[in-house]
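Please read the structure below before turning to the comments.
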Amino acid sequence: MSVPQAASSLQLCRIMRPDDANIVGNVHGGIILKMIEEAGCIVGTRHCNTQNGDRCLAALVRVEKTEFLSPMFIGEVAHVTAEITYSSKHSLEVQVKVMAENILTGAKKLANKAALWYVPCSLQNVDKIMEVPPIKYASEDQEEEGRKRYEAQKMERMETKARVEEVVPLPPNPEDPPKEQYTVGFSQSNLIHLVGPSDCTLHDYVHGGVTMKLMDEVAGIVAARHCNTNVVTASVDAINFHRKIKKGCVVTVTGRLTFVSNKSMEIEVLVDASSLVEEEKGKYRAVSAFFTFISLDKFNKPLPVPPLKIQGEEEQRRFEEGKVRYLQNKAKRLADKEGHK
Amino acid sequence: MSVPQAASSLQLCRIMRPDDANIVGNVHGGIILKMIEEAGCIVGTRHCNTQNGDRCLAALVRVEKTEFLSPMFIGEVAHVTAEITYSSKHSLEVQVKVMAENILTGAKKLANKAALWYVPCSLQNVDKIMEVPPIKYASEDQEEEGRKRYEAQKMERMETKARVEEVVPLPPNPEDPPKEQYTVGFSQSNLIHLVGPSDCTLHDYVHGGVTMKLMDEVAGIVAARHCNTNVVTASVDAINFHRKIKKGCVVTVTGRLTFVSNKSMEIEVLVDASSLVEEEKGKYRAVSAFFTFISLDKFNKPLPVPPLKIQGEEEQRRFEEGKVRYLQNKAKRLADKEGHK
Amino acid sequence: MSVPQAASSLQLCRIMRPDDANIVGNVHGGIILKMIEEAGCIVGTRHCNTQNGDRCLAALVRVEKTEFLSPMFIGEVAHVTAEITYSSKHSLEVQVKVMAENILTGAKKLANKAALWYVPCSLQNVDKIMEVPPIKYASEDQEEEGRKRYEAQKMERMETKARVEEVVPLPPNPEDPPKEQYTVGFSQSNLIHLVGPSDCTLHDYVHGGVTMKLMDEVAGIVAARHCNTNVVTASVDAINFHRKIKKGCVVTVTGRLTFVSNKSMEIEVLVDASSLVEEEKGKYRAVSAFFTFISLDKFNKPLPVPPLKIQGEEEQRRFEEGKVRYLQNKAKRLADKEGHK
């Protein structure tokens, strides 16, 4: 039995406030990611509870690569539309669109489009994955397209899972001398956050959107430290949420530059969690992702970015990998443009 | 035995911050309503626990019509004074006054005056209404006046209870074509909010003040969309809180214009709640109210409001009803003025 | 001309919410410090504007040593009373008391008592210190006592100013191996925070209370990492605010254990600020202080604290200094007790 269309879509709106933006008024990318995830979580949870069986919550497992298409400002209204676009046996895809409306002029522009993958976890037992009620598709083609996206993300999640775990953890060292400007070490930043009740779902696990907001915050500080200008999030590579983070944990979010092109900076962000009070005291990698930032002048035009001073083989290797991602994305954007002609 | 005066009054104050205000610095009406309710809840709960028996929390059931008498700005200090002014067997009235103090100039002005009705719910069993310890009155007249207010609000609550439930809910439809400017559909807005722990009382039910803040936010977006200017809350009609909203629910708040006069807009705001995970999946109407907004120029002077384009009989009926409320309020204000002469 | 008493005192109150507390329900010391400072700032600013001349804001320059006398919990109401108790030509002392009220049982207890020093800065020119209108004293003795406190804090502020500046900054080092448990390095933590509009006064400088909240947050994480239990703030040594922090800055807050007794941990917290966008890109030490935490079992009884593994001369020196402070405080508490007999 499938669910009526109404239950599988959702619209929400919110005015952008001063705390949502940086000092020149640009709404933080992290705020937009957090709204996107809230909409996705609601529509996903609602859908997965239209069946018999345990009550469950939709837990975010992946966000596809997303681009910030135009800036949003304080006082504008963000309209977030979420719709379930594919369901597999144990996961579902939600596509979310964010429109920015200037309520003084009436102007509207597309700020972001994202695709999120959720998995329903039983409320009684968070480790029990429930079945997802199938959705109805407008056409067979639509279903087939969804199945392709599903297979592609499944493969990519497995791949990164292996890679992500091996990254070395990053404890700070108090006695080091100050770093030289424009090096990776100079702008590297990390924050810690004690997970509070408002960060969490009914399961007492951190909302994916809260994690993404923290990641964007650190990445923005790294980028601003590198170029000392107004910086904004341009895009975020696919993010996989490997392990859940529980209420009461300390989250350490570390950001470091990996690659710098003429007009953009790629920042790798690592999220580590550790319980303060529980037996298993280990720190573990919960999430990692690449954020791309650009630097803007006061008319919101892109500025050139200072080159990155690479030190050591490790940094060189990460730089080369970043360059490959950069060129792939560039080629993909070009191809998309051609495709639209 | 009655309670000493000191226990039945309370003062709280807070500096207004950037997030409390819109982009031109006017503090949102919803922020003021939230502070009013917090003061009322403290003084009410404290009073109802001066008896033996179950510990209990004062739950907001009604706010009388209230007017925003003068604007507040960022950096000003809001002083909120709450006092219990009437007690029936199972409910109590709290009158609250909000003064805005400019701590730089020393200037003070009355920003708002409100009357709220609370009912004590047992902490062990939220559905058990406790008895209210009687308060002492300064005079018999005072008690008699209070009894009249009590009877009046009781009748009105019963009336609206019936009316409110029948209102048709308003699901958004993403596929609709864009609406024509100045119609009801053009400015209609809705937000959804996932109820978190900080929104809730010790009972895990949403604070009335939190709901009012969300209602004011939606009404403000509707008003700004209609006239594309700086808008502020002028008054709020009596609000009845018919049904409680539990932690973990999704709240949908919908606002639509019902009536527009030369200088004001009346917006009907409907609050629907639904549990994301529980068996009874029904959506229910928790609260509804009418907010009146005015449009201001940059010197805080009222601007004319564009007329509303009515479409269909339903909108016409609501417009006529709004007009009646508008004329009644106008007549009442005039009568009050005469009375003060 | 002196100011009437009413203008120089203030009461504020607020319900403690889940977000104000840790997972076992203890309100964070940092939340209490923030409320204390908000009350002090209002009463100080109001007083300093009762004269002719530039409008000004009271900026926090020092908080005297303060103890957390009894724990506060979610659902309790914090009552904060602030009173101006001394005025010199360019500064004033505000004494603040925090009472915790359980509105269900009516029980009240003293949670904190603090003394804060403010300096009035002109709104037109933040570097211009204004004169403080003299307050009226109840007796000559009272004035004389105040003068002694004023002289004592003035001397101490000068002393620490020199000491604080020389502390080595603490950049993180990504490639270090994990630290051994119970060492200083193991629990050392740091957070970064991008200063937003709601953190700031009308001057666009960070509220002292916001800084103290961040400091307490880091200190709490250090303490919890050391003993893996529920920890609470027991006391805070005098804090001097040497340099102001502007909106848009990045604040780095670092905490490290300096001394551990049988039942308490002393954590040094360093606050460094740096502008992200301005010419002068240097990082500077804005504040530093010592926080003392204790570890509690589930009945809120103190637990023994694991000994600290000292590594190197520098850590040994800081440990010895911490021990001196610990013994001095212990002797002072004993003397105070004797004095009360």
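Chains here go by letter, A, B and C, matching the order in which they are written, and residues are numbered from 1 within each.
Here is the rule we use: contacts are C-beta pairs under 8 Å (C-beta built on N, C-alpha and C of every residue); 3 or more make two chains touch, one makes a residue touch a chain.
Keep in mind that this is a model prediction, so the values were computed, not measured.
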{"item": "Touch-based graph of the chains, sorted into line, ring, star, complete or other", "value": "complete"}
{"item": "Angle of rotation relating chain A to chain B [CA atoms, steps of 5 degrees]", "value": "120"}
{"item": "Dominant chain pairing [most C-beta pairs in contact]", "value": "A-C"}
{"item": "Chain centre separation (chain A, chain C; CA means) in Å", "value": "35"}
{"item": "Contacts with 2+ other chains: residues of chain A", "value": "18-19, 197-198"}
{"item": "Complex contacts: residues of chain B adjacent to chain C", "value": "10-15, 17-19, 38, 41-42, 45-46, 49-50, 55-57, 74-75, 77, 101, 103-106, 123, 197-198, 200, 202"}
{"item": "Touching residues (chain side chain A, partner chain C) in the complex", "value": "18-19, 22-23, 168-176, 178-179, 185, 188-194, 196-198, 217-218, 220-221, 224-225, 228-230, 247-248, 250, 254, 256, 276-278, 281"}
